[in-house]
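Following are the structures in question.
Each of the next two complexes has chain A plus one more chain, namely chain B in the first and chain C in the second.
On to the complex of A and B.
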């Protein structure tokens, strides 16, 4: 493999070798050192509300069954039968008390423990040949949740999720905790784009600069009230913990008035005020900044916008959570969810969903505008000329490192982290600096798990002795899944 | 009440029955079927019988009224 030292050094000074957006060696390193280690979003608890509910989600090529087991615990099982490696669940979502492999019929409870192993005695000679006891589908090495968002990490030594999110939690709450009940999701819509995964993550993290140009037509047809050039640069970008995002500067008003300005009904505003900390309220109410797009390193983005949904001045806010799931160096699967406060009135949920679908999702107008650029960029990054080009991603910094606009003080911006008004690429640099930190650090080889023998960690997620012996009753009316 | 019986000599541990009716069947550590209950209320009979019929080695049956 080519030495990446120079590439990483250039990235760290804000000069981006253009080929990193379409390069197989870079992608191989990302797979091993970034996606093999980072916390990655896989699902939201509201997608699997009842025991037995599951969704199947991927981390690159690794398929995971994310399920709520019979006792209500959330688990992520590596979707590979312990016998011949077949996928034990081939549906995308559903409800099942058990998963049965279609190949030889091995079956597993939804907590991952093996239950059916045909001809164990005749074929293997029982426990003496294959230690069935304690075997379970391989669990994700790490799993944790925040505001119902389920993250996994393939690194058993990953730092706690809360530490990884850090102060970005403050901003994540605006999208995912507008009431004590949190959000519920619809979707995801999934589709593939011939673009590198990093472009979307960078764009949502901090690119306020593209809005007036790329999305001109959306403004022209009157769908969107806000993204005029002079409006966008008045907003602030912030970076905190492992994420950052953009905001719009709203017209004068207090918290209630500003939340009404973007279309929230008073009853939802009252719940937000109860759910948010004084500082969270201040960013909007005192400082006048309304959160818009954001990215959490490495590949999760969020968006909050408020388009017009009818021929009037009235706007309606919506939230989308989206993931840029890499397929290769030049292809990405986009997963786009609609999110809404679970306590919102039904009418609001319906209209907000409509607003989302107009702007984002597979048919959304903003989405189409963006992807055209990203695909074209990715294509051009594959050639030999791109290897000669160091893109200047230093917006917001003079050559000597002096900031074009000063960091906002706590009196100007109540949120944690660092915030500035105006166009800049601070957030894109934050994201790519973390990317460089991962890419230069080799990932130790993971421990292997031997199936059915007495060697090594044979019970990958050992349970206290004896819990496996008593038959268990399952509640409800679970259905099986078969291929 | 209908009675559920299992032929432990025939059972091969497929666990099809467990998948179909986990409130009635389970598998023990030796990989053999365990009947959580043997007296089957009439209202559950169809479901428990269907699970019994899913056994590839016909180790399960429901008898009587």
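On to the complex of A and C.
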């Protein structure tokens, strides 16, 4: 492998070697050192509300069954049978009390414990040959949730999720906690784009500069009134903890007026005011900044916009959460969810969903033009000329490091972290600096787990993993347990 | 999550959509119309003429073929176990459109700043397997078809394909048939196309 020291050094001074957007060696390092370590979003609790509900999600090539077990606990099982390694669950979502491997019929409860092992006595000589007791599908090395968002880390020594998120939680709440009930997530739409995964993450983190140009058409057709260049640069970008994002500056008004300006009905505003801290309310009500796009390192993005969804002046806000799931150095699977406050009126939910579809996702009129750019960029980054080009990602800084616009004071911006108004690439640099930190640090090889020998994963409890119990499920098809 | 054990007819998905309230609920009746039936021939010709407009990206003309109450729906397909009773993502779609949102999409293509189609894609909608059905209302027909969209952009990347089945509700208008409801069932859970800046 080529020495990456020079590349990482350039990245840290805001000079980006263009090939990092399409380079197989870089991607190999990202797999091992970044995606093998960072906290990664896999699902939201609202996607699996009932015991037995599951969704199957990947972290690069690793498939996980993210499920709510019979006791209500959220779990993520590595989707590989402990016998010969067959994929245990081949559906994408469903409800099952058990998963039965189609190859030789081993079965697992939805808490991961092995429960059925055909001919255990005849084939293995019982426990003396294969210790079934305490065996379970390999759990994700780390799992934690915030506002119902389920994250896993492949690093058993990952810092606590709360520490990883840090002060970005303050901003995450705007998207995921507009009431005590939090959000419900729908989707995702999934599609593949021939673009490097980092481009989307950087764009959502801080690229206010692209909005007036890339998204000219959505203003022209009356879909969104805000991205006009003058308006966009009055917004602030912020970075806090492991994430950052962009805002729009709203017209004068108090908190209620500004939330109404972007289309929230009063009953939702009342719940937001109760759910948010005084500082969270101040960013909007006192300082006039409304959150828009954001990214959480490494590959999760969020967006909040307020387009017109009918032939009237009224606007409707929507929220989308999206993941840039890397497939290779030049291909990304986009998973794009629609999110809405669970307590919102049904009418609002329907129109907010419409707003989402018109703007973002596989058919979204914003997203269409974004992706066209990113695919093009990725193609261009593949060759040898791109290796000679250091892209200047220093927007917002003079050559001597002096800031073009000053950091906002706590009186101007009530949120934690660092915020500035105007166009800049601070957030893109923050993202890529973290990327460089991971890429230069080797990831120790993870401990291996032996199946059935007594050196396996610890038994989670003393309950004997006895005979096959009949699938309890009344809802859902028992066949699903064979999937 | 559905508790049904049989998937609903495709056209029935429209009624389940959060945005499908205004759409016609008419469903097919009886067996397929014979290929020699005049109604079948008219529907088939309508689909072929429509396909020409979509390939040529003559979207303004295409809009005039849609009724004011159209529901244009393309659910998100999901992989589920056999017998689970559903294979679309509950409450989510790629397209879930009324005449207004479709008209905005068309208006956008007519601006000079819809970068995703400038330069334009080379597109070919291959349609086939056309079957038609009567409905309870003689002024409405159901037309089923399959569509394979081939889309090529630029000169670097491979072309992209979308394969789908469609069920259309056609309504007799003063100057010919109009599209009152379309349900598009993609054959992939994960689309292999950079966006759906297209119509199917």
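In this section, the second predicted complex is superposed on the first by the 457 of 483 C-alpha atoms of A that agree within 3 Å, B and C clash if a C-alpha of one lies under 4 Å from a C-alpha of the other, contacts with A are read in each partner's own complex, and residues count from 1 in each chain.
Here, a contact is a pair of C-beta atoms (placed from the backbone, for glycine too) under 8 Å apart; a residue touches a chain by one contact, two chains touch by 3 or more.
Predicted model only: the values in this text are computed from it and were never measured.
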Per-residue contact with chain A, leading partner among chain C and chain B: C
Which superposed partner A:100 touches (first chain B, second chain C, both, neither): first
Contacts of A:13 with chain B and chain C, given as first, second, both or neither: neither
First (chain B), second (chain C), both or neither touched by A:193: second
First (chain B), second (chain C), both or neither touched by A:273: neither
First, second, both or neither for A:233, with chain B first and chain C second: neither
Touching partner for A:367 - first (chain B), second (chain C), both, neither: second
Which of chain B and chain C A:120 touches, first, second, both or neither: first
Touching partner for A:286 - first (chain B), second (chain C), both, neither: neither
Doubly contacted chain A residues - partners chain C and chain B: 475, 480
Touching residues (chain side chain B, partner chain A) in the complex: 12-16, 18-20, 22-23, 26-31, 34, 36, 56
Interfacial residue positions of chain A with respect to chain C in the complex: 53, 90-96, 186-195, 214, 216-218, 220-223, 309-311, 333, 338, 349-350, 353-354, 357-358, 361-365, 367-369, 371-373, 375-376, 379, 475-477, 479-480, 482-483
Touching residues (chain side chain C, partner chain A) in the complex: 1, 3, 5, 18-19, 74, 76, 78-85, 89-97, 100-101, 104-105, 107-108, 111, 113-116, 154, 156-157, 189-197
Touch list for chain A against partner chain B, complex: 97-98, 100, 105, 107, 115-122, 126-127, 132-133, 468-469, 471-475, 478, 480
